[in-house]
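Order of writing sets the labels: A, B, C, D and E. Residues in every chain begin at 1.
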């Protein structure tokens, strides 16, 4: 703590969309309290800080550092390592930092394919020269370097030690404020901090507990994508054939999405102890899929029936692991065969 | 709007079974169905190609399936192809089924097709026999409504032959042992249908070429039974059956010293007559065994219902036929 | 002779495995035959066959390759599928008959069968298909019958004339437009067909 | 370091294991390499299951203070109980003992000694990891209600009912037809002794009907079963008979006066008639008739009442106002003896049944032969008068055929031989039996075959291709022609006959899957009820307290059905005598504070153990109904359901242990991070 | 030359059918390769697909799931759920680049010891042909260079990296 005695706050984004910052500012007038309690040490989104400012801080100088965003490139990794060294409390803030979130969906493919999708094979791209970002570019002024684009997106805790995690894409403002209050109390009034490693700003059961839609025994003959049907109001979406990740997703958001007819996307991640959110949802969905047989049925026909029902679940990996890919058991797809098939720019290998 | 189907006539319907083709084409508009002939189709290989070389035989058929799956038809039934010839029907459905069952076979057939710039995904074309379309898609009631001149008094032996009901590679539409759909169809047209016990027996197939002795005996058995049941005509739905029973009837008579004279007609020809279409458009006159005498028997009144013979009072009850069965007068 | 081969030749099951592997589609179930005789009883040409299908399967099992391929049985098969739908073991009997025909041609043994001409009928037929993409009845009938049945060909010719007169037979063959495409496909298929196990899901159950 | 003290015992099983697995090496390895996983002692021994082997474990538990035991020996299905009991004797909870198989799944199936030894090590390591996480469990105890429900009043059910009732315990015998007796009551003679079926069955029927311990509920069906072994609550619908049983004397005047003749498709197999008010047969038990509503003139058209008019009792026994009754009662055990249905021969059109008059089914033929049947026992054609001069009997109709039923129906060979004998005896006709194999494997059965051969019955080995009336050759006109390959000649034959009898397959009851569902037991793919073990537990089922007997378990003849009826009764009596039953505590349970009430699991339990508490808005599991399959555990998206003996942690610990060693490389590898147990 | 690759396959078995089939294979002395290691569950319905991922991520090269034939489940109908879970799992694993041969579902009744042995043998062969899965290798850095690439000369980066 420096002269004015206020604790130091930092917030940094790695690979993220910026929604976490907006959600933070959405805590409303409480932002004034934050400003009153904390000194900003590093918050590039709202104030002008430079990396060299951080380099100048002694280790452990920052009291609370919120990091949102996944680790997508070498700059992300470098910065979070730096901030870890300079911070007392490091919080994985939001789904990207916690479990990879949308950026980590590219773990289902290769670095090369991701770059191609972004810079070449996309209808909205105008890139006749086929230029791809290169780590080193020779210009008259010298050698330009940009960060190295990783093959695998990682969660924050896979790179540095994390003290707390706040889930959500983005975390709900009221939850952010609740967490900040606990930390503020600890830092200013000597309150006690939660034990290291816990999830903050979330409930303890699945989203369904907070969801007001009526639930019944479930048997679903086929699934629909959201645009295909208009759900019956007031009735559990899963029962109507819309994939809702609610049963496998930690509560805390107030079940916002299902209330407006959109199945839970799963952004608060798995329940404690449930480990792999995608598999939990997969097994639940398969369990309620209403395709059974009777003794004596032809096994091949039965398999075909199940396959037909499974056909209605498009992109299972992308659906069930939409937010949790980097933190899942498998973390990424095996792409060695694919990499070999796609010629790579020599400089990347 | 009429129902559209892909149409695979097969080599026989081009010439030898031209009567079948003409009558099928003639009755189609009455039934509100439209045939769209497959582009540049080729021979299905009959029962011969597969006896020589297996993968080319499958590729030969698969070319037709590939064309059928590629050819877009408006008005539904996009993946349905009608084959009036039983052998074509069997070969097309068999190749689809075996490609589904054996991925290795499917892969090799597709590699071969690729040499001609084609591909075929097993299961994407449903092959239907013309009779199936007529009785199941159009339906007996709709047909009955179109009957203008019921064929009263004509005694018909309905003859299915083998391949349309056996083995049912894409699922059989009628019983493989004792089919009834043609019986019901002929009843709908007003004919008197005999309970033809050999209705699904073999006509001899290619044995006329391999061992005429064997073929003639098989043909004789069919004619003998039709004659015993006093059938005026045998109605068929397969060019091969028609050719064997019609073209070799004289040979049978010569070989066995018999005097059968039973015209062999296509079911579509009788449908056309019942619908009041001119006989000239239905291919009559192409048959070797002249049908004129039989057709002259057609009356304007339904024949009197034969008196049911009263069973003796000691007689034991007869079990009922399975549901949907047709009872015959004889 | 059989005894000799089983003493020194391939394992008794080898011929059966060969037949199974050469039969297209899913499982042919040949190894499941219980010798009940449903096929032999059902076969329209059963009375004229040298061996009933059931008997032939027993011979296959015993490894009597030459005797099997010399038999007229496969050639007398009319493809009526009665045996196949009735077989209690769901053996693909008709397909196996086609397999045996192909093997007999390959081994050259059919010439010793009483149905020695049958393969030529098939070959003549497919010749037209290969060249035109369509079958050609007149060509088939004249070429095949003049070669094999010159004596009865006259009578057949009578029937052929009738066919022509009735407008039921073409005098010239039709050729499809895509004949080159078809020939490319068939050539590729012939090439692939030479591989082992190219056509079946193979093996016993 | 593991907090547990684990003992590992590797069995030689003589040379059964030791010949392929280096058991000394496995034990040595466990003590050296698994020390930090908690193994404090590891031994190998000649026969661990011997009393000396067991004492070894007991001594170590006491002296070394073992808290867990792993035995590497044969399959747990053989000796799990042995070693658990040994642990219990030494004061260790039996569920803290894990038996891992290195015999059935290692030494007997592998040949490479080094690879087998390594696999044995991995298997032991899996067991060690798993047992560490085991918890002490106590079996669940349930009391056994002394009453028994028996469903089905055929010979198997009758036998079971008599055995239990004679032992002094109450029995509810439920039969859906108006009388007990089942198929056996329809037969004329029984093979191989040719006893008169009715003569041996009727006394048993009377015994059951009058037994003080038997509550006979005919014309009744079980609607639902709730509860579990020891205390099932059974709901039975007793259909209205429209006859007051307390008044009816069974005089039969009502039947006599009834003007409606109804084709009897049940008892007479469609070959004879009954009235609209009827007893199925003269010796029916109970003696009371029923009114068949569908065919009764009064019920259909509102007038007639002839039966009531002529009923001689006061008050009248005929009661048109009678309603179905719903009965509920408690039982401790249930025996299902629901029997079989006959294959519908119309499904094989080529045999001509229902098209060709003189093709008969086996059951029709039984009625023809029966002196109480529609012809008074005369074997005649469908015209009711003509005696056949030739009869063909076709075996395996709908049996041993993958198009219909792949199994052998067991009774048809003997039945067909019996038919052949009866035809010969009563008509002197020529008889042909068409068979694939003659199966006469039981006591005195082959002797009967011999006798029928001596009778002059012809045997043609070949499965009939078709029966036709289409004559082809001279001599066939007006006959039924049986076309067959005589496989012993290798020739197709056509044999003209006057009458054809189809020995039709025995099939599971049409509603067997629904019945199985009601009682919570399993059906095979064919539809037969599945026994707990095909050899060693043939009358029990997977569901505790539900037993099966007779043909509902698979085709069987009268002696076998009687034996099973008695066997099921013996099992039930054993239970009743124990008064209490200990159940394996392998159960699922819900961690209430983790349940979100999503109701994913609600539809998953076929035993109805899962229910939703609408007040607390969470789901609950009833441990007494739970059978421990674990499907709900695997389904819960919140990870809120866990299973004793098969928790995630236990399974994953075993997985971790199994992967500790690599087959191709001997030494212990560093465990993979993803697997390290918490 | 390295030793030939010997895959490790984890087999999940049902207590009532496939585990007994494995017992039967043993009592009938049917031989199969030692690469498979079995875990006994009460029912294939107990198989949490997470187990499969754990096995694959934890070093196994393949997973064999076995259960009673459809319609023959000892718990009546739970194996239908197994089939459904397996179907979705297989599709998901395909997206993760895992070959279908590595995770298979085989129905085996208690009487099918010999068949189970054949299926195990087949699977071992297929997985052997595919080579090691080595999932830890897949999720290791797999080509991502060390972070030092950015400002290799700056002292603070070296400090962080250390």
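Observations, loosely collected:
The rule is short, and it goes like this: a residue touches a chain if its C-beta (ideal position, glycine included) is under 8 Å from a C-beta of that chain, and two chains touch if they have at least 3 such contacts.
What you are looking at is a predicted structure, and each value in this text was computed from that prediction instead of being measured.
Contact with both subunit B and subunit C is made by D.
The minimum number of touch steps linking subunit A to subunit B comes to 2.
Ranked by number of C-beta pairs in contact, the top chain pair is B-C.
A straight line joining the Cα centres of subunit C and subunit D is 47 Å long.
Spacing of subunit C relative to subunit E, judged by their CA centroids, is 45 angstrom. Averaging Cα coordinates per chain places subunit D and subunit E 35 Å apart. Subunit A and subunit E have Cα centroids lying 28 Å from one another. Counting only residues that touch two or more partner chains, subunit B has 177.
Each of the following residues of subunit C touches two or more other chains: 82, 85.
Those residues of subunit A in touch with two or more other chains are numbered 275, 280, 283, 287, 294-297, 329.
Working note: touching chain pairs come out as A-D, A-E, B-C, B-D, C-D, D-E. Residue ranges of subunit E in contact with subunit D, taken from their complex: 3, 5-8, 10, 16, 19-20, 22-23, 25-27, 29-35, 37-43, 45-51, 54-55, 57-60, 69-78, 81, 85, 110-111, 117, 135-136. Per the touch definition, subunit B reaches subunit D in the complex via residues 175, 177-178, 195, 197-198, 221, 224-225, 228, 311-322.
The touching residues of subunit D, when paired with subunit E in their complex, are 75-77, 101, 103-106, 108-112, 115-116, 118-119, 122-123, 126, 516-517, 520-525, 530, 534, 542, 586, 604, 606-607, 627-631, 633-635, 643, 646, 648, 651-652, 654-656, 658-659, 662-664, 669, 672-675.
Residues of subunit B touching subunit C in their complex: 11, 14-18, 40-43, 45-56, 58-60, 63, 97-98, 101-105, 108-109, 111-118, 162-163, 166-168, 176-177, 201-202, 204-207, 209-214, 218, 247, 285-288. On the side of subunit D, the complex with subunit C involves touching residues 350, 396, 400-403, 436, 461-466, 483-487, 490-492.
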